[in-house]
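Look for subunit A in each of the two complexes below; its partner is subunit B in the first and subunit C in the second.
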Partner chain A sequence: MKVLRVHLVGWTASFRYPIFITGYQPTLPVPPVSTIYGLISAAKGDYVTPLNTKVGYVMRSEAKGVDLETIYMLSTDNSAKSNVYKREFLLNPDLYLYLTDLSFKEIFKKPEYPLLLGRSSDLMMVEEVKEVDLMQKHGNKRVGGTVVPFEEEGIWGPLQALPMYFSNTIPREAIGIKSYYVLENFIEYDGDSFWYDDELDWGVYLHGQENISQKQ
Partner chain B sequence: MNNIFTYTGNPFVDAGITAMLVWLDKENPEEIEDYEVKNLFNELTDLYVQKSWNMMMYSVFPNSKLTNPSVKDKKGEYDKLLNELLSEVVALDSHGNCIACGKRDSKRYFTKTQVPLTGTSDFINFFSYGNGGADYCSACALAIQFSPLVFYKCGNLVCLQSNNKEVEKIYAKKCKSFIDVQKATKEYTGCNDEGYTNPVNALFHLVTDIILTYDRREWHRENTGVRLYHFTNFNQPPLDNLSIYDMPDEIFKFLAYALQHEERDNWKKVIKRGYFTTKKANLDDEEEYKNLRNDVYERLLRGQSILKYFVDTNQRRTLVKWSFLEYYMKEVRKMEAKRLDTIKKVADDIAQVIKTKGNIKRLAQLETAKNYGEFRNVLRLIIKDRINAGFEKPLFSIDEYEKYLFPEGNLSWKETQDLIVFRLYEQLHDWLVNNDKEIKEDLVEDEEEDIELI
Partner chain C sequence: MNNVNGFMLIDAPASALNNAGPDIGAKTENTIAVKKIRRGRGEYVYVSGQAFRFWMRSSLENVFGWELSPIEREAKIAFTAADPFKYPDDDVFGYMRAIGKKSGITLTRVSPFKCSPLISVTPVNIVNDFGVMARHEGDPVPYEHEFYSTVLKGIFSLDLDSVGRFSSENKTGYMNITEAYKKEWEEHNCFIEDDGRTVVLPLEIRAKRASDLIGVLPYIFGGAKQTSHLTDVSPKFLVLTILNCGNNIFMNIAVDDKGEASINVKALKEVILDYRENIVSDVYIGKREGFIDEYNEDLKQMVDEINNTLENVKVHFLTVNEAVSKFQQVVSDFYKR
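After this line comes the complex of A and B, so read on.
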């Protein structure tokens, strides 16, 4: 299958656990699918969802660090208090993005908005935009650096409830929340639910339309 | 109405669901009926108002009706909350904005008062669209109320999560029997507390307990990871009120292997060598060392080698057998079987030369080589020894050398050295002990050929 592969690199990335609002903010080792759709939307300058393109991704980073950060807590009466948080971040994120809609090629060559991976300070740069062939490869392949739905047989890892994308309505709503395996490291996988990138020698899990229940 | 609950990936919701499953003696979350949940309310409220449990609620549900001193009827008020939540519960749908299950909509907003680590309504910019709390459906919020039943005390509290739901249940059953004893004796002590304050040690202790209590032999068939959320939800959160500890599946499997192995006691000796001790700590008394940091445990969780703990370099002996080490190298360190076999074969041949020539100095040189070049040179000298001693087969082929002994040259030489030395100790220990006198004489002999490098 022909797909678009976009290679992005950055200096830092940070993915909040949606459930924790507390003094210590751990980071997920890889972004949730919703962050990926956010990134593509920024590149396009328009709202992109699983209805537009399926996405797969493999993200790695070199290390994890902890930063101190001033945050502002707004109250309902419009007052704001500042506080200090510890925030975990990932060093030198390296992201390979796969899109089934090849027409997105141009938007990554000239993105509409800055490309961020996590927070407003986590700027990403496009290294390469390329059409590649994903293959079906039976038997063992290494897979990781991504999230995979909990129901997927032959996959294991820490679990986390994560959204798939957000609505563009006001208020925003998280759509397609479900339990995902969060694969930080690569594992050996034997099934056929992943496509295979021959050049980079890893499996690619495509998140897309049939994986979500329609709300609209 | 059943089909209310399903595993969500949210640690607190899933812990509560697991507790309900064990208390109701059921297999799957989907089987739990609403009236059955209601039947558990009395037991839950009874427990949470007991002094020891109520103290704990300050770290779980601060500012709630359970902890507010002005609330006189804590049991009644908490029971009211549970019933309210239950009355709002609807069956699982296919979608919804609940941030745990995603299969139902939230009917109200929840803060840390009902859901640990969710912040207060003072954080409106952290919630979706400036709402005064997090979007949980009432069923997931209700499940969370059961999670303290299966918390573990380790300084702060621990919420255990695993991809292997059987593991979660085995652990929850232990919690239930612990609480049953409290109920029977009317001596309430709060959630399980075994005196651990070091979460890494607690993680290994809990996993060991899970593996041993339910002496299953099939752990190797499954990929079981265990994660601990170590947290406090106390009112004035310190910065470090949450940390996450992960035991990857290969470490879980390795522990299961080690604990069910005939060398189990030797494995325990290896662990004991990992404690950072002062002379004062008595390693025969678990209470004295169980909260000391342990390098073996920490290395295993960090993905670093514990090879050096398998040998006693002072006595030149190994603590475990090669077959045990082999499992560790293959399954945990992911070393190729062919590489291990080649190293073993080469080490065995070296052992034979050392014995034949009585040349203990070579062993010392292999042990102390400081870099790749030095180590290669000792191997070259051993090849010469072999030729002198009349051995016909070479120590190794070029192919074996490049592919298996030092596949990455400089990067892999140290691991090869450690493995060769391990095997030499295993093969030579008795011989070394029996030839102690000759060995000492040999070591003071002349120091020819040492400096020569390839």
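After this line comes the complex of A and C, so read on.
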């Protein structure tokens, strides 16, 4: 299958665990699907959802650090109180995106808004935009650096409830929340639910509309 | 979308620019650790993006007299806090303000200025310094703090189209203002666009805000422990240009060369050539004499080669202050196109 592969690099990235509201803010080791659709929306300069394109991704990083941040808690009487909390972030994120809609090629060559992976300090650079062939490879392959829906047979790892994408309203609503395996490291996988990138030698799980309808 | 793309190197000899508080597990109870990331065997020190933004804000106040948006204030009109007409830092650095459940309106503005943390280019040897407080009667109080010598890299982008342009679109990040600001925008002689959904400040105000933000770079002051370390945090190497897209193209030009921070001149040349179609201004490279002078010849050669090859883009190799003041003019002229 012909897909678009976009390689992005950055210095830092952070993906908040949705269940932590205050106190220590850990980061997920890989972005949720919703972050990926946010990144694609920034590139297009318009709202992109799983209805527009299916996406797969593999992200690795080199280390994890902890930052101290000040937040200002505003109250209704217009006063503000400061508080310091710890927030984790990832060093040198390296992200390969796979998009089934090839028309995004021009969009990633000339992204509309600055590309960010997480928060406003997590700036990203497009390193390469390329059309590649994903193959069906039966038998053993390594998969990781991504999230995979819980029901997928043959996959194992920590589970986390994550959204698929966010609505374009105020307030934003998380849509398609379900359980995902969060695959930080690569594992050996035997099934056929992943496509295979021959050049980089890893499996690619495609998230998108077909996956939603199959599982519902 | 037109963005200023900037890259900088900051020389930090014997510095402790951003601290992470008490070092839990240190020999003594009062050791203050610098912010750092461990990667493999090496430690990389950093200054958080939040801290750098604070340096920018406070320097803009000190150098250009910006009136900064106060965090505490009295409620006089509907929403006084997030006021991008009155306070230039609200405009350029963005805001989020929950107005309350009753009115159901939350104002948010995506920051037109975005910056990375400053991160050391190479792994760093962090030194533990020992000090005492002994000016009082009785036992002296010992304390320790960490510091380092390194070169920090940072990038930033400034969305020129968004500076001084405020929308009331009902989308997160785009609900900058409401009708309650009408008096403000009338006082500032703003233009109204998109059937009233977008309010735009006069060009000269937008040009001043954007060019001040660039112009403050050589005068930027900030960082922790300045009383005992006094680090000059103004950039010693700087690349500035305007791109018509949101790619941050200068992320790979500082590299670790056998433990020394160095400039990958080849990579810098490659991105300028690769993105020639997206670069809408000239490229300004500023370097302070005395800082990584071994790259002077390579940089001059690269500048000549590009200037001989490209028609639409010229590269200027100047001192930091010259590069900044010329580029300030470029930014101002951008609004008068």
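Simple rule for what comes next: the second predicted complex is superposed on the first by the 208 of 216 C-alpha atoms of A that agree within 3 Å, B and C clash if a C-alpha of one lies under 4 Å from a C-alpha of the other, contacts with A are read in each partner's own complex, and residues count from 1 in each chain.
As a working rule, a contact is a pair of C-beta atoms (placed from the backbone, for glycine too) under 8 Å apart; a residue touches a chain by one contact, two chains touch by 3 or more.
Keep in mind it's a predicted model, so treat the numbers as computed, not measured.
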| item | value |
| --- | --- |
| Clash-or-fit label for the pair subunit B, subunit C on subunit A | fit |
| Touched partner set for A:Y113, first subunit B, second subunit C, both or neither | second |
| Which superposed partner A:V3 touches (first subunit B, second subunit C, both, neither) | neither |
| First (subunit B), second (subunit C), both or neither touched by A:L95 | neither |
| First, second, both or neither for A:G176, with subunit B first and subunit C second | first |
| Subunit B versus subunit C as contact partner of A:Y72, first or second or both or neither | both |
| Touched partner set for A:V126, first subunit B, second subunit C, both or neither | second |
| First (subunit B), second (subunit C), both or neither touched by A:A161 | first |
| Subunit B versus subunit C - smallest C-alpha distance in the overlay, whole Å | 6 |
| Residues of subunit A at both interfaces, subunit B in one complex, subunit C in the other | 72, 74, 76, 170-172 |
| Residues of subunit A touching subunit C in the complex | 9-12, 42-43, 45, 62-70, 72, 74, 76-80, 91-92, 110-116, 119-127, 168-172 |
| Complex contacts: residues of subunit A adjacent to subunit B | 18-24, 26, 72-76, 81, 84-86, 150, 156-163, 170-181, 185, 187, 213-215 |
| Complex contact set, residues of subunit B against subunit A | 7-10, 12-14, 94-102, 112, 117-119, 121-132, 134-135, 161, 163-164, 223-225, 227, 231, 233, 237-244, 246, 248-249 |
| Touch list for subunit C against partner subunit A, complex | 1, 3, 20-21, 35-40, 44, 46, 48-50, 71-75, 80-81, 94, 97-98, 100, 106, 110-111, 114-117, 119, 155, 157, 159, 170-172, 175, 244-252, 278 |
